[in-house]
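There are structures below to look over.
Each of the next two complexes has chain A plus one more chain, namely chain B in the first and chain C in the second.
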Partner chain A sequence: MRVRRKSSLKVPAREELVEADLVDELSNDDLINAHLDWGPARLEGLKRLREAGRPWPEHWHWDWSKKADLLDLLAYHCFGIVHGGRMQGLMMVSTIAGKGRLPGQVGKPVLYIEYLESAPWNYRELAEKPEFLGVGVRLLEAAVEFSGEEGFGGRVSLHSLSQSTEFYRKHMTDLGLDSGHPQGLRYFEMNMEQVRTFVEGRKP
Partner chain B sequence: MPTELTKRTMTLNLTDAEMRVLESLSAQKDLSKTAVIRQALRLYQLLDARLSKGEKLFFEDKAKHEKAELMMI
Partner chain C sequence: MKGFRMSDEVFRKRAEEENGSMISAIGLAPLFARPKDSRQRAVEATREPVRLAFSTLISYRRRALRLSIETLAERAKVEVDELVQIEADPDYVPEARTVHQLANQLELPIPQLLVLSGNATSANAELTEAAVRFAARSRAVEKLNREQSDALKEFVKVLLEQKLETKKK
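Coming up: the complex of A and B.
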């Protein structure tokens, strides 16, 4: 794991920002360790949802330790946000799975976000009071940045679970349900204008 | 700014035809020639890894109802 640069997360209880490390070059062990660390909090949260009769998040079964093998391939990269020695969120991207679909960028390479998840104690549906906010947007920021470094112009895309569509619609274009996707999820893509707006909006 | 990863430089010898293809892909994909080569390497590694596990690679033309296996060395 390598510290790529400094980042920040918001502590909702105190309405203040804390410094965090945006990390990349994650190893298989880093993913396994994060999975082990997240497990008890995830189960706690699921138990609470069951008791309250509320539905479980669609990604409750995600197992980052099973995704670790993909890191042996050059096409996959993993990013994380670390604060207090704990992984606060993880994202896996692919440099070969994305091809532009929006007008003006059809067929052009797009960084595809395979998975993006906040630690269970930061996820609103699972935690009674999330410890940190902003994990998703910080990781999306990293994806746009990495896409630029790869020569993809900052373009990113993903398929979103229905629980997350509202978040992605704020920053990306919703191209609707994708019949070509195994689960028929909604497809989102960021065009150059959205990239510029997103990057400008994140400047201090 | 992110910390730079160490990168190594090599000379790549290509025929005129290969260079034309590389230039064409570079223009078509809006990528630098280096980026095209890097993408090709990533794709080759991924395909090789999956084929080594016994998976097969097919091209399908649904309109013509044709499906052909692609053999890769």
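Coming up: the complex of A and C.
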């Protein structure tokens, strides 16, 4: 694991940001350690959901350590946000899986986000009070940045779980349910104009 | 937009917008790496809320048709124990034959019921989303009616009596 650059996260109801590291070049051990660290908090959250009769998040079973084999492929890159010695969020992107579908960028290379997830203590479905806000924003920012470095102009795309669409709809274009995806998830894409809006803080 | 990075001010705003909401995305990679495994994972991903929807649907539909568990079990030629388990245990997967018979008696579409029960898979995300919504709504606000309340009291009474008898031993 290598510190790519300094980053930060937000503490709920406080103005100051806490320092965090944006990391890349994650090893199999890094992913396994993150998974082991997330396990107890995830189980505790799921237990609470079950007692409340609420549905479980669709990705409750995800095991990042099982995705480690993709790390050996040159086209895949894994990023993480670390604070306090703990992995706060993980993302895996591919430089070969994405082709633009939005009008104006059809067929153009797009950085495709294969997986994205925050630690269970950072989202409301599992934790009563999230510890840190902005994990998704920081990872999406890292994806946009990496897309720029790869010559993709910041363009990114992904398939969102149904419980996460609200977040992506704020920053990307919802191209609807994708029959080409194994779960038929919604496909989202961000063009260069949306990248500028996202990074510069303008209203869409 | 130098380097595609946002200022602290913009980040604060974006982080507040995100506000601890779920941000999970899952892609296509497992598909071309190990097609069969990824399909299995896709099924696993939606299993829990869909199963909850299935057990709740059977229970609600039976009650809407004013059928007792015994009556439905008899008409569908299903063991009472199994019907109780179907309604109470979202992890229980009944045989396809049982699902067929329940679907016929409850006047519900067989293919959809096979998917919800875990006997078949479908790429129909709308069905999954609807099942998740139904499970969430029905389980979160479920309130006992008088009959259920009486049954509960009766059951608790028996439980208490059993406990006393155990003590006597």
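Methods note: the second predicted complex is superposed on the first by the 197 of 204 C-alpha atoms of A that agree within 3 Å, B and C clash if a C-alpha of one lies under 4 Å from a C-alpha of the other, contacts with A are read in each partner's own complex, and residues count from 1 in each chain.
Note that in this section a residue touches a chain if its C-beta (ideal position, glycine included) is under 8 Å from a C-beta of that chain, and two chains touch if they have at least 3 such contacts.
For clarity, every value in this text was computed on a predicted model and none was experimentally measured.
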{"item": "Combined model on chain A where chain B meets chain C, clash or fit", "value": "fit"}
{"item": "Included angle at chain A between vectors to chain C and chain B, based on C-alpha centres and rounded to the nearest 10 degrees", "value": "110"}
{"item": "Which superposed partner A:Glu150 touches (first chain B, second chain C, both, neither)", "value": "first"}
{"item": "Contact breadth on chain A, by residue count: chain C or chain B", "value": "C"}
{"item": "Which of chain B and chain C A:Ser179 touches, first, second, both or neither", "value": "second"}
{"item": "First, second, both or neither for A:Lys170, with chain B first and chain C second", "value": "second"}
{"item": "Touched partner set for A:Thr95, first chain B, second chain C, both or neither", "value": "first"}
{"item": "Touching partner for A:Pro109 - first (chain B), second (chain C), both, neither", "value": "first"}
{"item": "Partner chain in contact with A:Val3 - chain B first, chain C second, else both or neither", "value": "first"}
{"item": "Partner chain in contact with A:Pro55 - chain B first, chain C second, else both or neither", "value": "second"}
{"item": "First (chain B), second (chain C), both or neither touched by A:Val195", "value": "second"}
{"item": "Overlay on shared chain A, then closest C-alpha pair between chain B and chain C (Å)", "value": "6"}
{"item": "Those residues of chain A which chain B touches in one complex and chain C touches in the other", "value": "145"}
{"item": "Interfacial residue positions of chain C with respect to chain A in the complex", "value": "1, 3-31, 33, 38-39, 41-42, 44-46, 48-49, 52, 123-126, 128-129, 132, 135-136, 139-140, 142"}
{"item": "Residue ranges of chain B touching chain A (in the complex, touch as defined)", "value": "1-3, 5, 28-32, 35, 38-39, 41-43, 45-46, 49"}
{"item": "Chain A - residues contacting chain C, complex", "value": "8-10, 12, 15, 17, 52-62, 67, 69-70, 76, 92, 94, 97, 112-118, 122-125, 127, 130, 133-139, 141, 144-145, 147-148, 154, 158-164, 166-168, 170, 177, 179-186, 195-196, 198-201"}
{"item": "Of all residues in chain A, those that touch chain B in their complex", "value": "2-5, 24-25, 72-75, 95-96, 107-109, 145, 149-153"}
